[in-house]
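See the structures that follow.
What follows is a pair of complexes built around chain A, which joins chain B in one and chain C in the other.
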Partner chain A sequence: MERKEVIRKFLQTLLAHKSDAQPFADDGSLFLSGRLQSVDAVALAVFLEEKFGLDFAEMGFDQERLDTVNDIASLIEESSNSRQ
Partner chain B sequence: MNTTDLQRDEPQSAAPAPRPFSFLRGFRIIPRLETYPWVVAFAQTIAGKATILALFGLGLYYATWLHYLHNPRWKVQICFLVVVTALPQYRRIVLVLGTVCWAFGIWWQWAEHPQIVQAAISLVLAAAIFFLAIRFRTSWFGRRPVATLLTGFALTVLLASYLPKGGTLRTMSFDFLPVFGAYLWFLAYSLIDISSRKRDSVSLQVGAYQPIWGSSGTPFPKGSAYLRRIEAKTPEQLAVAQLKGLKLLAWSIILDLFLNFVYMPLVHGYLGIPYYEFVFHLSLLRTPFKWYVGWESLIADFLGKLVDFSIFGHRIIAVCRMAGFLALRNTWRPLSSPSIAEFWNRFYYYFKELLVDCFFYPAFLRYFKTWGRWRLFASTVAAAGFGNAFFHFFRDLNYIDELGFWRALAGFQSYIFYTIVLSVGIGISQMRQQKADKKNPGWIRARLISPLCVGGFFCLLRIFDYTYKRYPISESFRFLAHLFNLVS
Partner chain C sequence: MSTNLALPFYNHARNHPERLALSVNQQDFTYGELADVVERIAAWLQSRPASEMKLVGILASRSWEAYAGLLGACWAGAAYVPLNPDWPEPRLLSILQTTELDALIVDDRGLKLLSPQVLKRTPKQILAPASPESFLLGTPPTSTPIAGSGTLPPSDRHHLPQTLRADDLAYIIFTSGTTGSPKGVMVSTGNVSAFLSAMSELYPFSPQDRVSHRHEISFDFSVLDLFITWFSGASLHVIPASQLMGPSRFIRERQLTVWFSVPSVVAFMRDMKMLMPGAFPSLRYSAFCGEPLPATSVKAWQEACTDSLIDNIYGPTEATVACLSQRCSEPFVVTPERGTIAIGKPFAGMDAAIVDASLNFLPSGEKGELALSGSQVAKGYFKDSQKTAARFPSIDKKVWYLTGDFAYQDSDGRFHHLGRTDNQVKVLGHRIELEDVEAHLREVCAVDSVAAVAWPITNALAEGIVAFVAGSALPAAEIREQMQRRVPKYMVPTEVRFLQRLPVSASGKTDRKSLTEMLAQGSA
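What follows is the complex of A and B.
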């Protein structure tokens, strides 16, 4: 499955827990708009750690960089580049 | 920690379940002006801006007059709002200038003991720490700037408490440390911002330090990075932010009128329920009183403080929104919270966010990585327990000066107990919530039973929620026992 698709599916699950079924674009804000919150950021961080091997202890945690699907995809890209 | 922030202003969740009295759901005391296209269009015109500013200025004046206050703060704020509305392209610069003027007021003009020199030194020191964290980004300090800052501050306070009482050095230390402490958490947010891709310069960071819209030791609304993200980018966004600011101020005035002209006279006058402090002192003096009087006074105090605290937060956020920053409310319907974690999130949002940013994330992402299913719980206890106690202990430095470090810590026992129970409660609530998310609890449970239990938990916990040495924790337990008629 395409990387962005995997991210989108996970974010949809987070939103579904809040009865939020509204669609979101790849560049649509999720945290700054208030649709997702700090505890969701934690769930997302765990997901990214487990699924894509990101290490936030090393790279630092900035919620702004997890705000959209595109942001998350570029963060994963950046992380995998730095590991190579 | 678990609410949709969006719901703080405008519930947009899809497919709400049918519920009793759903026809009342759409009713609002203050209409949602920001959703009317013609109002938003008008708010973007010069006449519209002038009208909103005039109404807001009137509201600020009335809110001040309501409490017989004769300070010029509202005038300073409205002047700032006029300038920032006229020059939206220079909003952050105007904010910095406004905040500097505000600092002059709070540390010099409006202060009983002027400390403007200490404030200036604090800002210079904050700027130096910010520069050093950037300069030595790969050092221990650069990688853990907030932890180093907080540890350094705590150690400095500990050392200062060992200086001889009455000596010049001690007096100077305890003149300076509370002022720097007032900027401590603002600086912490700046240090978090150094890892951002588009971090603000130190001069813009200063605009968020004890900003002109008002604040406490808790940064409202968070730091410079957050302001950058929520700033209105278009005239339409500015119009919406200002309309929401005006509405929030109006709501705070309605709450103020309700609290002072309906709630207090009704509860303490007509119903004759004594003040909580009074009943607590009866318990201290071993004067008998009926158990239900204890409950009445505690519940009345809890509800009154809830409204009072909402007013405090709404006033600050209203001015912030008027300045063009669409910040979330500090307090949003805490009494309808279905869980302990959510109540805490809804009651004092910006304090919760501070603890999340400074304690929870570092603990969760760095220190408790291998804790498996207890990772969330341990990080929550680190934030709501340790972080909460740390914040309050190092906020009230006058007690450390007066009693010495260790005696002040011993006198802090009740609040430490409060933070332990609170953090364990939030931790369990979060773990339960993760499971509960999968099934629908039903309307009665979600809207009635759970909020009542949550409210009851926080109401009882209030007995232990005081941060300075007034009486030993045993007296709080005695009052608690009194509520259940276990002591006379």
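What follows is the complex of A and C.
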């Protein structure tokens, strides 16, 4: 599965827990808009660590950098480049 | 001696103007720089007689205007009323109407909230930022777009903080109320001074300390961060909103020495694998408040900052932030019923006791309601003498505050917290009366059969609210959307579940316990 598709699927499940079935674009805000909250941020962080090896201990968890599907995809990209 | 909370700040600014006082949004303010603006804000407030300048609203969040405004109100001898820009408009309107503020200070976010409807209930005297540069350089903010807005007078370095008595009001903080409208707790400057001096007994705060500031000024835990910093001549480091859940990098980059937060943050950071051994070598002191502190969280935190003392501090807003403490050192003093750290012993100047329903004091070992008395007990609820009389009764000629917390005292004199005697819950440290959520749910759904419970609960910490509704045709998404327009975010149900009928107990009340059991079994 394409990376962005994996991210989209996971975000969909988070939103579904809140009975939020509205679509979201790849550049649509999820945290800053209030559709997802802090507890979801933790779930997302754990998911990204396990699935893509992101190290939040080192980079800190900044919701602004994880607000949209595109943001998350670029963060993964950046992180894998810096590891190479 | 004056109990003006801005007085120690003033003294540090006079003696060491070059020291760092505040770091917010990548802007640093020395004591001298901050005092310069604060003193001008105070002079602006004092352009009217003291009798007409009692309550100053601060509609601002995590901005230098919020902190300068709050200190300015203290300096002028007024009480501050924090107003959170995240609140939905109806809540803001309700508090503006109740308080009838004498002046209002807003930051950029607050400024955007001043709709025509809000402006009808704000005071005439409003201070809004033009631009940070002009504000700081002393040019009056001329481009403020609101009618009646103020301009700051020029600096006068001989203008001292107003002399205050211990009984004078320091702030009014609003918390969730069972009727659906928030209630304002009135805390005096004497209450805060007693609290700060007790905190200084737990750790010798010094000008070298770099203190975290995580919580909004509308949450009374912030009183500790702000005023212990400026009492000690230390520096305050405001965590950016986007990093609140995982501030590991912030702690390291700022070399923080003092950490204050609700315990949930530790659980989040642990889940994000941020609490690696030795992760935060700079921390010397950590205090947790606002929720039960799981022993497992303390262990995880201790591993990440081996040089930090750790305290569990406990207290309701009505007893000024915190008034009992328990040091967390091995072997931990744990409340065995919950696996959480004991809430410990009262601060100097405070008494704690367990009472029964008829307000008789109970001996150690017996369970009952925790009552508090002493120098930190607040003045009561704003414009609500009935509720004040009910919750602040006189027992043996002393005023006690009945916390609603279910607790007992052990044979060593330490207190243990077991839960609530009512339906108040804490979600990520925010105090919520479930009846408050239900009152709004009833209006939104236009049915009586609604209930709210705290869920899920992991290690004694609640993560959200689940709503139950019977007989409403509104879809869940619509209910959540309407709730978002009425109550703060943390009170919006994370989930809405529909039942044919809500379970009721023998007394005919909604049986929240069986709703929680349904959730635990996944059968709702």
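Brief remarks on what is shown
As a working rule, the second predicted complex is superposed on the first by the 84 of 84 C-alpha atoms of A that agree within 3 Å, B and C clash if a C-alpha of one lies under 4 Å from a C-alpha of the other, contacts with A are read in each partner's own complex, and residues count from 1 in each chain.
To be clear about the criterion, contacts are C-beta pairs under 8 Å (C-beta built on N, C-alpha and C of every residue); 3 or more make two chains touch, one makes a residue touch a chain.
Just so we're clear, the structure is a prediction, and the values are computed from it rather than from any experiment.
When both complexes are overlaid on chain A, the residue A:V42 reaches chain B and chain C alike.
Judged by the touch definition given at the top, the superposed model places A:V6 against neither chain B nor chain C.
Contacts of A:S33 after superposition: chain B is touched, whereas chain C is not reached. Overlap of the chain B and chain C interfaces on chain A comprises residues 17-22, 32, 34, 37-39, 42, 45, 56-57, 60-62, 64-65.
Remark: chain A residues 17-22, 32-39, 42, 45, 56-57, 60-62, 64-65 touch chain B in the complex. Residue ranges on chain C touching chain A, taken from their complex, read 240-250, 268, 271-276, 279, 428, 463-464, 475-477, 480, 484, 489, 494-496.
The part of chain A that touches chain C in the complex is made up of residues 17-22, 31-32, 34, 37-39, 41-42, 45-46, 49, 55-65. Contacts from chain B toward chain A in the complex involve residues 1-8, 12-16, 195-197, 225, 229-230, 328, 341, 345, 353, 356, 360-361, 364-366, 369, 376, 379, 430, 437.
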